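Dropping the structures in below, format is structure tokens.
Next come two complexes, and both contain chain A; in the first it sits with chain B, in the second with chain C.
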Partner chain A sequence: MEQIIEKYKASRAEKRLTSPLQIKTVTGKRLRFGILLSLAVLLVIIAALGNILAPMDPLLTNYDMTLKPPSREYLCGTDVLGRDVFSRILCGASNSFSLSFLMVTIVAGIGIVLGTTSGYIGGRFDTVIMRITDIFLAFPSMVFAIAVAGILGPGLVNTIIALSLIQWTKYARMTRSLASSIREKNYIEQARFGGATEVQIMFKYVLPNLITPLVIMATLDIGMMMMSLAGLSFLGLASQPPTPEWGYMINESRQYMQTAPWMMIYPGMALLLVVIVFNLLGDSLRDILDPKDND
Partner chain B sequence: MKTYILKRLGQLVIVLLGVSFLTFFVTTLAPSDAAEMKYLSMGTTPTEELLEATRDEMGLNQPFLMRYLSWLGNVLQGDFGSSYKFGDSVFDQMSKKLPGTLKLAGTSMVVMFLIAFPLGITAAVKKNKFVDYLIRFFSFMGISMPNFWLALILIYVMSVKLGWFKVVSTDNLKGLILPVITLTIPMVSTYVRHIRGAVLGELTQEYVVGARARGISEKQILIFHVIPNAMLTLVTLIGLSVGHLLGGAAIVETIFSWHGIGSMVVEAIAVRDYPLIQGYVVWMAIIFVTVNLIVDICYHLLDPQIRMKGRI
Partner chain C sequence: MDKQVKTILKLESVSKQYRLEKNQNLIAVNEVSLNLYQGERLAIVGESGCGKSTLGKLVTCIEKVSDGKIYFKGKDISKLQRGQLRELRQELQIIFQDPFNVFSPRMKIGAFLNEPFINYKKMNKNTAREESKRMLEAVELDQSYLDKFPHQLSGGELQRVVIARAMALNPSLIVCDEVTSALDVSIQKQIIELLTKIHQETGMTNLFISHDLALVQSFCDRVVVMYLGNIVEVMKSDELGHTAHHPYTQELLNSVFSVHGDRKKEINVLFGEPPSPMNRSGGCPFVKRCVMACEKCLLKMPELKKCKDNHLIACHRLEKCEIK
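Our next item is the complex of A and B:
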């Protein structure tokens, strides 16, 4: 019995070692990551140049051209005020991207600072911070975001506050658990003997160890932030008209679904595309950087 | 077990106190004056003297902590104040709207499990085969798709193009179909991955290797050994999905004009009906935390490893 198991294990291990597929998948992963990264960079560039690339003024209304279907002049049709949907999608991209990047930065920043200090210092400070994260984690985030954005009143700043207030906890949790395990390591002890100050240790030895998991988390978070933002916009809580924003554009399209479905389809496709690219990028980043998860 | 439940109940109280404090605190940050909002939502423009009197009456001139404590005292007795918009008490409003949401959420949860489990198990068994890739592709699409857009596309295809459903949801079973699909797709997509992972984890356990060595067929191993063990994930998923359902309800109910607490709170936000929003948050927290407590207790009861740990 034992022998059979051992033999089975050995044969599997052998297969793992010699399989030419192994080498292939590593390069395959690199290649996939490369393609996705260039796609993501391309999307960011398009978003950054959105205002320049847009063939028309996204705010320009034209009452002779309302609710026109997609044509050569208006690639994605026009909306109820005769504005070019394609230009609005391009300009909306720069809003969506800059806001999502900004929010991920804010959230990760707060999370890292509170998480590392909490994990590194430990003690009562740690307990307080962790109980606070418990409160946030024990609660459906979208419910809270809607409530906070609703109470503070519609607007972009309030939405950023609402989403940031909720999302920092997962970063804090992760950095805290990593930091508290690093604290026990010998090299920290040695650095301390060598006369390094606590702040020096934090920056030189603790933070560099956190970067890999943080980058993965942040990449996966960008798509999610974009969706949450668009969701709040859709409810009329984030962007205010006439700013072009994908979620709000989809909201505006609801009434004209029967006559002008392009108003709804194209902004949604843009959002879907961006979220897919960033989610895939996050997944493939994890495949490359975090080999223990791989089979 | 008893100490565990007591400990969890203690944590639950702390979490609920925290949520109530946060909700109240955020409300005080709100830019508009609650007394003024109360009159405006009733359609009258109050004079400054009237406003001052109302502020006194509502206790708005007291210090923050005093106001919180008196609010908390009322909340503990089930009194969340009365809604500015609907006029009746928040408690009545919530209990009137809650059944709609529960009906929607409950159906979605059942449908979710009926679809996600077979798919997850299939994907795990056929790992790296075509079926697995297909399931993973659709699960990935489902995760990346914003639910409000999915809802509109469903309405467009099913109601506008095909004419199978009315655009506005009716209260009967047929009206339930589109909202349930909208809520279910993202959840199925997320949980198929969990289930696949759980089944794959079981499949690499030594007892499976042992069973194979004893000559037991793959099918029997799967049905009698692997699936029962992977069923524990079902319990975890119930806890996770409650949050998703409650959060998703706001958007989905609004789009399909479904009468539930989700669409109610969106209306309440539009007119700054603070008592109703506060009531909503606290009720949601109570539901979410209670369900998760029950889930954790079930988990303890079902998993012999966790159950025995205390005794050995």
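Our next item is the complex of A and C:
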């Protein structure tokens, strides 16, 4: 009898290990994440090496070749000043995309550090930090950016300062609410009985348990940041001509939408591609980071 | 218990109040005095809201006492600083009620078990892992569990891991706060067997908080019955069935279901609700539900008095364990 039970158990265990469905879902998820991550890395590399990869000088004007459609020489056509759109997109990548990447990192970093400490420590410290975020949240980010541009003058650096000043509050708020709910969990108390100090608890218990939604938020935010930068450039506040920047390029092409649509389509597609890749990466990161699904 | 035996934990009229609003205080634990002897398994029973879990939290310094003193091995532990508290917890561990809540979902079992060794004993990861393996063996789990996440384990397995960690530093006192109430009945028995085994091997002192009288009777040496933050009766657990005298204890015993019970027999339900712990009257807390209540019970709070050897009771109507 016992042998039969043992055999049954063994066969059950085997089945569990080799169930084709499970392996498929796990590797499928990993595969998806891998592909998206390599795509994202590729985009980062392109953005970093944009100036080297560009076949032509993005600032070189050529009045003989204005508004030419895409050809072998000009892969994405030329703009109204005869500049190569393809080169401008490549060089613009380092502006729009690396900057938003950097910005999200800084902003999320500040927000997470402040939010975690304020949520976990609580009390007066928490109140002070949260009132400060309230003050910053009261400004609409676009209006604030316009105001900063008005005071400090338009330009990419000023816009970034303006956007960062507003954006960190989002992370601080979210982290703070997550941290203060984690603080009440029994496992925090249990950690104290294991001899963990408060700093250890913050790093080993609080942070790992709140980081998932924040990483996802940050990944999704890269797209958002690019859009706001593009929006501000479109308004003429961020990058100034002749700097190649995607939002500004789209703005420039408005008047030629019907005669030279390539001027708008290609930078638009580049923007779309990057935003989509990072959104999907955020999604797949959520799947990967959930330990419950990685059996 | 003989009086020669060392007292490990001594509570001196310990009270805990929570301030709700301006003039409203919730008295969760009211002037409780208690001795716990080395190697003893002491049970605290009572219905929900009677302050038994709060008492457990006070003993383990999770909550600070409002009044009174707690002595652990002769040292007052009721007003410790954070650093001292950390040292104390090597010797004083707690096992929480719900094993599903005490694990960080992102931490593997191995890391969870390593923690006390690394934090207190300053071991490196590898030796801590060896120790953790040993602890897992002690609670009858194999070492493959070290690399699992908490959600992959069942409630019973998780509770075993929690016990293993509580035992890791060989503490002198473990507070078990309803350790079995979140588990299936069959698993409950395994956990109790495990705790009994550990007790026999290490002789560790145990403060066992529970509402399950049958379980308490088979596992513990002494029973403390609490009602609304007060101790109403203290006795040896093997006498629980036949020498419990306090009307509240009687009612608790009546409410235990038995497999051998008669279905036709009427089920006795204790009438009334426990009064709110917020506004206490001066009298005996149980007076409104007591079948023996008299005028004196309404006016004066009964004291905990010795009525027999190893038997304390707080009731005006009972003296020398007989109804006056």
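Everything that follows uses one rule, which is that the second predicted complex is superposed on the first by the 208 of 295 C-alpha atoms of A that agree within 3 Å, B and C clash if a C-alpha of one lies under 4 Å from a C-alpha of the other, contacts with A are read in each partner's own complex, and residues count from 1 in each chain.
Going forward, a residue touches a chain if its C-beta (ideal position, glycine included) is under 8 Å from a C-beta of that chain, and two chains touch if they have at least 3 such contacts.
What you see is a predicted model; the values in this text were computed from it and never measured.
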**Q.** Which superposed partner A:Ile250 touches (first chain B, second chain C, both, neither)
**A.** first
**Q.** More chain A residues in contact [chain B versus chain C]
**A.** B
Q.
Touch test for A:Gly153: chain B only (first), chain C only (second), both, or neither?
A. first
Q | Which of chain B and chain C A:Leu214 touches, first, second, both or neither | A | neither
Q. Is A:Phe234 contacted by the first partner chain B, the second partner chain C, both or neither?
A. first
Q: Tell me which partner A:Tyr205 touches in the superposition: chain B (first), chain C (second), both or neither.
A: second
Q | Which superposed partner A:Ile276 touches (first chain B, second chain C, both, neither) | A | first
Q) Which partner does A:Glu189 reach: the first (chain B), the second (chain C), both, or neither? A) second
Q) What residues of chain A sit close enough to touch chain B in their complex? A) 1, 4-5, 8-9, 131-132, 134-135, 138-144, 146-153, 223, 227, 230-231, 234-237, 247, 250, 253-254, 257-258, 261, 264-265, 268, 271-272, 275-276, 279-280
Q. Once bound in the complex, which stretches of chain A touch chain C?
A. 185-187, 189-198, 200, 204-205, 208-209, 291-292, 295
Q | chain A partner contacts - residues on chain C that touch it in the complex | A | 60, 62, 82, 85-86, 89-90, 93-94, 96, 98, 101-107, 112, 115-116, 119-120, 149, 151-152, 162, 165-166
Q.
Quick check on the complex: what are the chain B residues that touch chain A?
A. 11, 14-15, 18-19, 22-23, 26-27, 29-32, 140-141, 143-149, 152-153, 155-156, 160, 206, 209-210, 213, 242-244, 246-248, 250-251, 254-255, 265-266, 268-270, 272, 274, 277, 280-281, 284-285, 288-289, 292
